[in-house]
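The following pair of complexes shares a single chain, chain A, combined with chain B in the former and chain C in the latter.
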Partner chain A sequence: MTSAPTPPTGWAAMLARASFIELDARARATALLDAGTARELCGPFDRIESPWLEPQGVVPASDDGVVVVKGELGGRPAVVIGIEQAFQGGGIGEVSGVKIATALSLAARDSRDGTPTVAVLLLETGGVRLQEANLGLATVAEVCSALLELRALQPVIGVIAGALGCFGGMSIAAGLCTRLIMTAESRLGLDGPEVIESEAGVAEFDASDHTLIWAVDGGTQRTRTGLADTLVLDDVAAIRSAVLEATAGGVPAEHRSRRIGELRARLEAVDPGDPPEPAALAAVWARKPPPGDVR
Partner chain B sequence: MSRGQSWTQALADGGVRAAVPSVITADAALDGDAARLIAVVPDPRSPYHRAREGEVGLREGLALAEAVTEVVTEDTPLAREARRPIVAVVDLPSQAYGRVEELLGLHDALAAAVDAYARARTAGHPVITFVVGTALSGGLLAHGLQANQIVALDDPGVVIHAMHKEAAARVTLRTVAELDELARRIPPLSYDVADWAKLGLCDELLRVQNAGSPTGEDVRKAKDALAAAVGRARRGPRDLGNRLTSPGASQTRGASRRVREALTAQWR
Partner chain C sequence: MALNRAVTRDWSRRRAAKRERLEAVRPFTTGRVLDAGRIGDALHALLRPGDRVALEGDNQKQADFLAEALAGCDPGVVHDLHLLISSISLREHLDVFERGVARRLDFSYAGPQSVRMAQLLDDGKVEVGAIHTYVELYARMFVDLIPDVVLLCAEQADRQANLYTGPGTEDTPTIAEAAAFHDGVVVVQVNELVDHVPRVDIPGDWVDLVVPSPRPFALEPLFTRDPRRIGQVEVLMAMLALRGVYERHEVTTLNHGIGYDTAAIELILPTYGEELGLRGKICKHWTLNPHPTLIPAIESGWVTSVHCFGGEPGTERYVAARPDVFFTGRDGSLRSNRVLCQLAGQYAVDLFIGSSLQIDACANSSTVTEGRLAGFGGAPNMGHDPHGRRHASPAWLSLLTGEAPALRGRKLVAQITQTFRAGGVPAFVESLDAVQVGRDAGMPVPPIMIYGDDVSHVVTEEGVAYLYKATSLAERREAVSAVAGATPVGRGVDERRVEALRRDGLVALPEDLGVDVRRAGRPLLAARSVEDLVAWSQGLYDPPARFRTW
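Up next, the complex of A and B:
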């Protein structure tokens, strides 16, 4: 499951790399696809904006912060869906959510009709866009449903590169992905540190403690503990090759979110009143070998 | 007793079982169908101290996934149209906000529940959500929003939203009064179930005499509504497409339909 727990960190690799994190969503999506194949759908010039932001005094975006790019990955039909973290904290609203859900459904339709189409999700999001509240929540459910529809037919690869990370309802979508790729800079969690601190107090989670945040939510920890599959260097070529490798793996016999027996064993291995330090969790879970799904 | 408990008990024909103290199940006869009811309820003694008031935490995400998967597995030999309805009785404050939850991967436990509900729906089980109390945020994503049909009580105690009001105001840099004012004009922001029902997600809004402690007539009415929802689910799509074609959606989700049309036209 954990194919590369340690990314290359030698100085030569660090100097030679082209940062993926520094790219915006459109450039990220294009960079992953085979050269010359990228074609954006429902782009900014279609001007389908959120109808809910302007009445609240919030400036909308002509792409609503989600970029859908169709093309090829290693010569196979693919769609890359990128969430732009610079717009409304990557929050999912009505338009952006339906863009993601529809793109996944269309890829599933093509896959059923003889054109297998893989999907890559670039997940930099705080979750539901609270300015669209209930419609954001509803579309996140629709994204999960469409993701599951495609996942049964073709791989859906999640990439969390950073800097924002993947939180809120969209972290559930991350958990549903066929495979999940993260960098050491990225984070994954349901409730972000600030939200936990404001709901439960600083003793529960100190949102100013960055060491704690990355120890719990960081890509290195998530990969070590099997909640993500591949840890990669923040480098365009490294991330593209990890995505190609993940899509080549095809559809697994059993997805992570179906391994309920493993989830049970993991929860039973930890006393919630006295949990291990984050650094010790991987070892605790490794001592409890997955019993195989009893169902 | 929480609303989730009292409605589950009132609807049940036979005993109420506890998979874990915070997730209860029961069976209810709905017009010839034996539906499986599932509810998340408070467990004041939960070892997960941030999940004692009915929040959907790690244990609840796992128990929901197991309870739904059990029905799916048992009914696999049956014809699709004979598979049992699953009714998510929803009364939950939110997901659990806590450190151990994040450490162990709450998103992963909720993904297991979402996966199980969606799997049941695509396998032909009518999945019905019955909102009897609060239904907020990640808790509702895990237990409720993958349903074919959503029925809610028309009652001030029913609140469906992405985040509770004080937190939503804080995150969006507003006062609660400003948020209330905006919610009067912008339906998806509203905390009023009647406004939520206009978004195209609600298949029936049900008025009862006592939403907190249902009367015999309330229970009969709810069973009729749930049985009707089961019928619609069996006749309808197995994906969530009906949420964009419902009468409410034709009013409020024009932007969604524009996206779908444009993307479909440009896809090739």
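Up next, the complex of A and C:
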């Protein structure tokens, strides 16, 4: 009897990894925190559900698709806020949005009151939930405002791990994060490919063209062009260590979203009539030297 | 008694006609190479009204350049053709009828064009001879549907018109043979003309005309299933199938359908199957396309051999690197052959397992639904008990049937499906849509995919029904109902009866099979994404762009 053959190293490491995105939001949040420190706030047994879904024929979730877990990260107080992509495509509604905003605000309050608390956002989301339209949009504004409040005091780390990606209003929250961690399979964009295609036509963006989509929105490109900071393997240990490293960086002197001059220079470097190939974008932007990540 | 030879008969009229046809296209050829720019003129010269024309529309590859040219023919010159197409996949396949170039059609499968197919039939634009299974249609090409002209495709041709098909040989040699040896004309579109082909898939002296196509023929990755889309219910059904069917009957030779259910089975072999100690005992010899989801099982030593109907885009390098498992040519790449693989799937495998869109209480199943005329493809051929089989195997003998001395075994034909499909549509129904569709289309019998009396097992998330043990139609219906969940069919059986069926071994629930439902989850999948499949293949699998998420 022969034993099961094992692939060589490299591929073996890939197969042996403990996938982060395969976990549900609760398990993801727990896996990032120091062992034994996780404590869920406002959990499913508190039954804070969206009141808007059932009338529209959607079965609500008892946590409204957002999980808030407090605990410690490398011994420091932390809150991890995870969006469950399996529920409504990670769409943000009134309740789930308020859960995120409140968790960030409470972390800011704790930080001001002498318990510095870092936050980690697990951003697997298509944006605002269509069924809750304006209420969802309003809560995303609250999320952004609470994020701005906290990031001045403590790092707020964004993680996008799955192929669903982070789009819509929540991509703005991602853009506001102190540091952003992505995997190669993950995507980041304001409008998703389907939205762009349906609004501007297939010539503008072909939502069936995976090569194009990942060349523009994918984690590799977003990291290469400085719109995200760290590219990691979809692996629990790798992502946790990237998060720890990012929180250790503390609060930067100037956040990416405040580097207006640099962002404007980048826009000017690109001719919309003759845009560069996605692969060339990093080089085009590199010619307008960014000031770098000043801490 | 003197034999009457009153009339001197010409015994080579087909040969003479072929000579005339080839003479007529001579202005558009250089040797046997046809000028692609003159393809329209060439077809007008070649074809006669009423000709029987086999147009290569396979399950995967399509002679699309020739299909487009045929659809563009002037119906004043070329009309009333009788088309033979195994798989109606392209718009042009039906444009030919809409424009009046062809009138009569014999086919096997129309999945991608099934709605338009039903409409054209309604409008009286097409007369359907019959809907066949693949081998059945090819068989008839040698009996009463012998083609006058065949329009095929291949990757390369050399100066002698020897053809190289690459991994996707599929149906080409069979259709070519039907024409080449009965004075039909063989026309082939090729992606390129070369000095030497890497291997000869079809000898040049079967081929009359070669036309270099301005673009490579269309080829669909039909057999790639993204493991990301497999959920816990599919995993549960895979566990039930593995324990309740594969392990119980010691299935070593088999064919799988292309659903997520069967992909889940492939993906739990290296995990759950390994745990059960089944490696080397089951699932050794396969007839199926190079499914990417089979890679982990191959890599962990489960699979001895795989014979393929066709290729699968992206698996070329992987297959070429595993010649002990796959059939490969001297060029190193896969050699597939649909007819031989269908034959293998009919006679040489112990188990066929696949899913249908609808199953009725007698276990008749169909993929034909309201307003769609999808046809059959290959499933009915493999999904039946072939009475011509004489070799025994443990699996075959485990379904012993017949009366002494005519005792015989039986093929395992398993249907695997969730009780409800997406959108809450029940998979188990009182009456198949196929019955109504068949009536509306004026078909002599309803287009049933797999007959209930051929089905030996039904696997759902509820459990396994062992229909081969049923002694009456009533009992078969009860066993189907017992695993049909909350569907109208499933609600028709009471709990006490189900208990009795379990005692008699006609039905097994997860606990009867030792399947722990709590373990049914994605962690049991050996690969949970396309990237994982690439990793299992050690980088040899190149997934098509649409399956890449990086």
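Here is the rule we use: the second predicted complex is superposed on the first by the 280 of 295 C-alpha atoms of A that agree within 3 Å, B and C clash if a C-alpha of one lies under 4 Å from a C-alpha of the other, contacts with A are read in each partner's own complex, and residues count from 1 in each chain.
One rule holds in what follows: a residue touches a chain if its C-beta (ideal position, glycine included) is under 8 Å from a C-beta of that chain, and two chains touch if they have at least 3 such contacts.
Quick caveat: nothing in here was measured; it's all calculated off a predicted structure.
Student: Between chain B and chain C, which one contacts more residues of chain A in the superposed model?
Tutor: Answer, by number of touched residues of chain A: B.
Student: Determine, under the contact definition given at the top, whether A:H210 touches first (chain B), second (chain C), both, or neither.
Tutor: second
Student: Touching A:D191 in the superposition: chain B (first), chain C (second), both, neither?
Tutor: first
Student: Touch test for A:L267: chain B only (first), chain C only (second), both, or neither?
Tutor: A:L267: touches chain B, not chain C.
Student: In the superposed arrangement, does A:T220 touch chain B (first), chain C (second), both or neither?
Tutor: A:T220 contacts chain C only, not chain B.
Student: Contacts for A:L15 in the overlay, against chain B (first) and chain C (second): which applies, first, second, both or neither?
Tutor: Touch partner of A:L15: chain C, not chain B.
Student: After superposition on the shared chain, which partner residues are touched by A:V95: those of chain B (first), chain C (second), both, or neither?
Tutor: The first partner, chain B, only.
Student: Per the contact definition, I'd like the list of chain B residues that touch chain A in the complex.
Tutor: 47-50, 58-59, 62, 65-66, 69-70, 73, 95, 97-112, 114-116, 118-119, 122, 137-138, 140-142, 145-146, 160-163, 167-168, 170-172, 182, 185-190, 196, 199, 201, 239-240, 243, 252-256, 258-260, 262-264, 266-267
Student: For a test of understanding, state which residues of chain A touch chain C in their complex under the given definition.
Tutor: 1-2, 4-5, 7-8, 11, 14-15, 19, 22, 163, 184-185, 208-211, 214, 218-220
Student: Spell out the part of chain A that touches chain B in their complex, as residue ranges.
Tutor: That would be residues 41-42, 46, 48-52, 55-56, 68, 70, 94-95, 98-99, 102-103, 105-106, 110, 128, 130-142, 144-146, 148-149, 168-169, 171-176, 188-191, 195-196, 198-200, 204-205, 216-217, 222, 225, 227, 255-258, 260, 263-264, 266-267, 270-273, 275, 278, 281, 295 of chain A.
Student: Tell me, which parts of chain C touch chain A in their complex?
Tutor: Spelled out, the residues of chain C in touch with chain A are 228, 270, 274, 279-280, 299-301, 522-523, 528-529, 531-532, 535-536, 538-539, 545-550.
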